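Naming follows writing order (A, B, C, D, E and F), and every chain is counted from residue 1.
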């Protein structure tokens, strides 16, 4: 039993609410436990210079954390004048993983930017951002279809992300799914898995925070991740369905 | 009758929900029409260098807008590497107006930072930020009293803010209260009033967007502002009361 | 009687000397008491991207203070790598107020930049900058007429600015015109008025530095400002006339 | 057979030359095929603020690429005024992986900075940097022992890194070890493995560049990586031995 | 005869007016022809970190050019967010040359900053800045003596600067003193000489703008420079004498 | 005899190894004593905006120092976010001196960038950079001839650089050639000479580090420089010949 009362393979309560950014082409507020991320998809009819005149689109992401999303206030990146290495690493990850499930040729020369802003942080913010951003992206693409800009939604699959880790005393550490902040900050190893349907892997980032971990431990983390994302996949599909249903009726 | 169906002196629906930033010492999500601002008060036991060893506290603010809070996406200030002049102007205004109602000697050598982040923008974001920040500040100060860090809440009054403007055709322009984005962007003049109780004025920023306006027009704007903030004062007090009641029971 | 020996409605000695920036299309050195600002108008045959192909011009301003314009040396903004919030606020104000009296359609697709650099500061630098910049702008526009680039000077009016404030002991504070630095730094409230002819108001920025002020006090400040700018209007017109007379003879 | 003529599990020629940065406490020039990285370890008798007075040391890294280390010249980061997200991601990785094999309590309040500068790039620069940095760190720690600052070398293990990937036509893609630039830029998936002795895993970063990959493919990459690092471990130990032997004789 | 009508060894009219920056410990407005530089010396009772606790002082300089000091407006460095290489080069030169004539041990742990701001540019701004800055520094040091902070003025000599160059058609180019902007921008070679009394050399910066120049040409430039600075030395001493006389009577 | 055992006019051992940056159009690793600089020439088929459509080319340089090229580690400029004044001064010097020996009209609208990165520093890095960059530039231009982009190598001459200085006790100081770091940091005066063949001077930068120096001393430094560069000229030509010979055979 974990300090938060969850079983090793139990993820936190998930809710995905569409429409949180009222001007965005697609948006959700995703809550996973006490972590809360606003994901907004913005469509622009142009691509970055390195892609011009090639007939293919671009999907990118930006990530931010409100200064008081965390236990103690952290300095505002806009005021410091630069984004931290952590921020850049996360936003590169989000963009890369979404591009892995978009048919960019079918998208054409448009850019979709996913803004993922953390309103409240309690561990797993990058995973929540990816999971929510996929829904926001899906809604924006559906909107382009309704506007007859696209013929079909150019998504080739579904992605969701979850962090798993090794927690507990060194001599008896166990693998658990969906770390909250308390677990994350004391874990012996921490791995973020971005997974697709049917056993596909999009990205793995596994890090020993203390001593190296074993292959067996790694496999245990991967198994837990696979279980967790199946739940997230269901939530994502339900959120999309509900939002499309609402737009259909409107 | 205005295009949005409101009477000249009618302000939009207001809601102030405490606790939106779960880690902050005080916070609210304020909604005024479709404008939505998350205001979080953070307390730190130190003051900036220019105030050290003088026994007085500091209250300051930072303002931000999520990239897709607006009709079209605007560049993220953290990515651009600097805050715009508009952002700096607004956050200086918020800090200055809150300091006008805090007894900084009674506060002692602590800093309270109000982070005001706009989630959705439809005009009046700086006014919503001030109005919400006063509640967040109040809740944070109350928390310091409950923690026995302060003996009493060092607030000397209440402030709220509203924008009024001259709208309509040049030959028949009228003064209206609480501009939404559509009105704000076509107004002939725009004035932000930060007002205190009992007729007190904390700040006036009045600007002719086109030709100069007359003193009579200015007085009309000021009268409308006075009426509007009285409504905001009531909402602020109710939000504080409800939040304190909840903490009392907890 | 004020510490500086002036009556409540008495402004400092004013001088406006054209031609201070010898390369500029229009320029003045304005002195108001010991405050000294060099204002230079530069004309460029293009407009910023957001205005292109619309047939209308742009008027903007930049403001700076030499590091030792002040009592103690302040860091050079170019060395710090960014302009302070105060600098940006002031330069936005100067640009906005000049645009209010320019017929930008008659100007056509040109940009006029007003550089206002404070050589010596003793209070009221932003007001001196606005008052001087109007003259520099006027001279630059006249030069464009002499060069047959424009048919007529596209100015729709005259603007000048003055700061007024509430000074003296709390129980007996009075309204005075044209604050110098000593008054400004101890004033209970401080208001900058940018006024046009015939009672027009272009901008008001009024701020309570301590407790809120009353509407009656605000009206007293506005009355003083109206009186002060009338004197500035005369000085501005004399400076323009003298400079044009000199160019005419040249 | 790969286009470069190597077998699937064959890594490129490796050389590790100590002493390349003559002022550094430890340094090597590591060459893996045509990739060439200068790794220098600098010791400073202090730790960053967040670690002060805790009796534990810090190991960190910085990464850079000379502008013409690559096929076409890339802009100098010092001239652009900021490090790219890629640079920050890599230097965070290098620092993190070295900290995983240092006993920071035994190190005491000192900071060791590993500067890894790429002179020539042909794929695998981050892996070469990690592999070389471990040797530079080892040499610097040995020097502290010879200077009697430390009693013993506070290393808890050996780490080296290798990139493996899925290459070839989509229908017949195979896993190969130690990608060069040509392979890396066309790989379907790319994984960097930072491995320790005895089967330990320090970090895995696996990314689908196109469609998701399968678990079986991932296991194949991991097996290749395990084989490759064994060769690197031998080279690292030989380089350390040779350098220490030389210092011993000196 | 030069296009400007001057003889080869003839420098432009010089005027040095003390007191131009009213708050500075020492200041002058120096005019050399149409070049105009405001030089202000600021004294601060501290030294930079690298000099602390060594009992020696620091003299440094900052240089700036108002945006419209030049023929066409140049971007404001504060707005661009960085100082150009040219600016940094010049301010390093000014600081270095003044340090060459200050007894920094006699100065003690104080910093004197010379701000040299170009109001109007017509060639030779760095030389005018050096020549004026020496006077401003001298006046500030004299003030410290009058305030009994220093026992004597810790200057070991006098420095002034002049630019000379090779101008005219390639086959018949001649050496001339004190280049104005028109000459400077077409000169085949340009040399800045910072000279001391009694034949001393403080700094030489000589540059071939086109083909290399000969030693004989260089010697001709040096002879002209020696002649020109003698005139500047006289002007400097007169300006100091007049200013001290005025302070003495005050 | 100097502390390093060299005669006053004796320069350190020189080696110039072509091909150090394998992707660059021309490159060398130059070693002068323990100073080691990698010089890479990159050709791009475009010129900066200020030169467009004029049919002339551009030659420019960038300079950097690896953080641990020096005795103690210096902060990485890319991490600090700006290049120091010293760096900018040096890279401007390198570019300027190379442009003095290139026929830019014959080059046509191409840019050649010389990246000079110091791997190990022991005095004279800017002079080594210039001397090495001339060879790298020469090799790149030869390559353009071999590629039939240019008809002939558009070099009008040869340049090399050397630093000389006044060292030793104040009462008996002597002029010496090719200062190493120990001499450079204690020299009474330091001069960098960039010289061309046949007695031509491209650039002189002479600085009194303490008291002014005399004309006689300056002439002694210039004589030493002339002797030293003759040796460098031979080395440069040999390096070019060897590299071209190798390319010819290839």
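Just so we're on the same page, a contact is a pair of C-beta atoms (placed from the backbone, for glycine too) under 8 Å apart; a residue touches a chain by one contact, two chains touch by 3 or more.
Small disclaimer: the values here were computed from a predicted structure and weren't measured.
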item	value
Co-neighbours of chain F and chain E - touch as defined	none
Chain pair repeating A-B, as identified from D-F, E-F or A-D when over half of the contact pairs by residue number coincide	D-F
Chain copies touching (chain A, chain D) - same or different residues, decided at half shared	same
Farthest chain relative to chain B (centres taken as mean CA coordinates)	F
Maximum centroid distance from chain E, chain identifier (CA atoms)	A
For chain B paired with chain E, centre-to-centre distance based on mean C-alpha positions, whole Å	51
Averaged-CA centre spacing for the pair chain C and chain B, given as whole angstrom	29
Centre distance in Å when chain B and chain F are each reduced to the mean of their C-alpha atoms	59
In chain B, residues with contacts to at least two other chains	81-82
Touch-based graph of the chains, sorted into line, ring, star, complete or other	ring
Order around the closed ring of chains, commencing at chain A, then chain B	A, B, C, E, F, D
Complex interface listing, chain A residues touching chain D	82, 85-86, 88-89, 91-92, 96, 100, 156-157, 191, 195-196, 199-215, 218, 222
Chain D residues within the chain F interface of the complex	20-24, 27, 34, 38, 40, 42, 44, 62, 64, 66-73, 76-83, 87, 113, 115, 117, 119-121
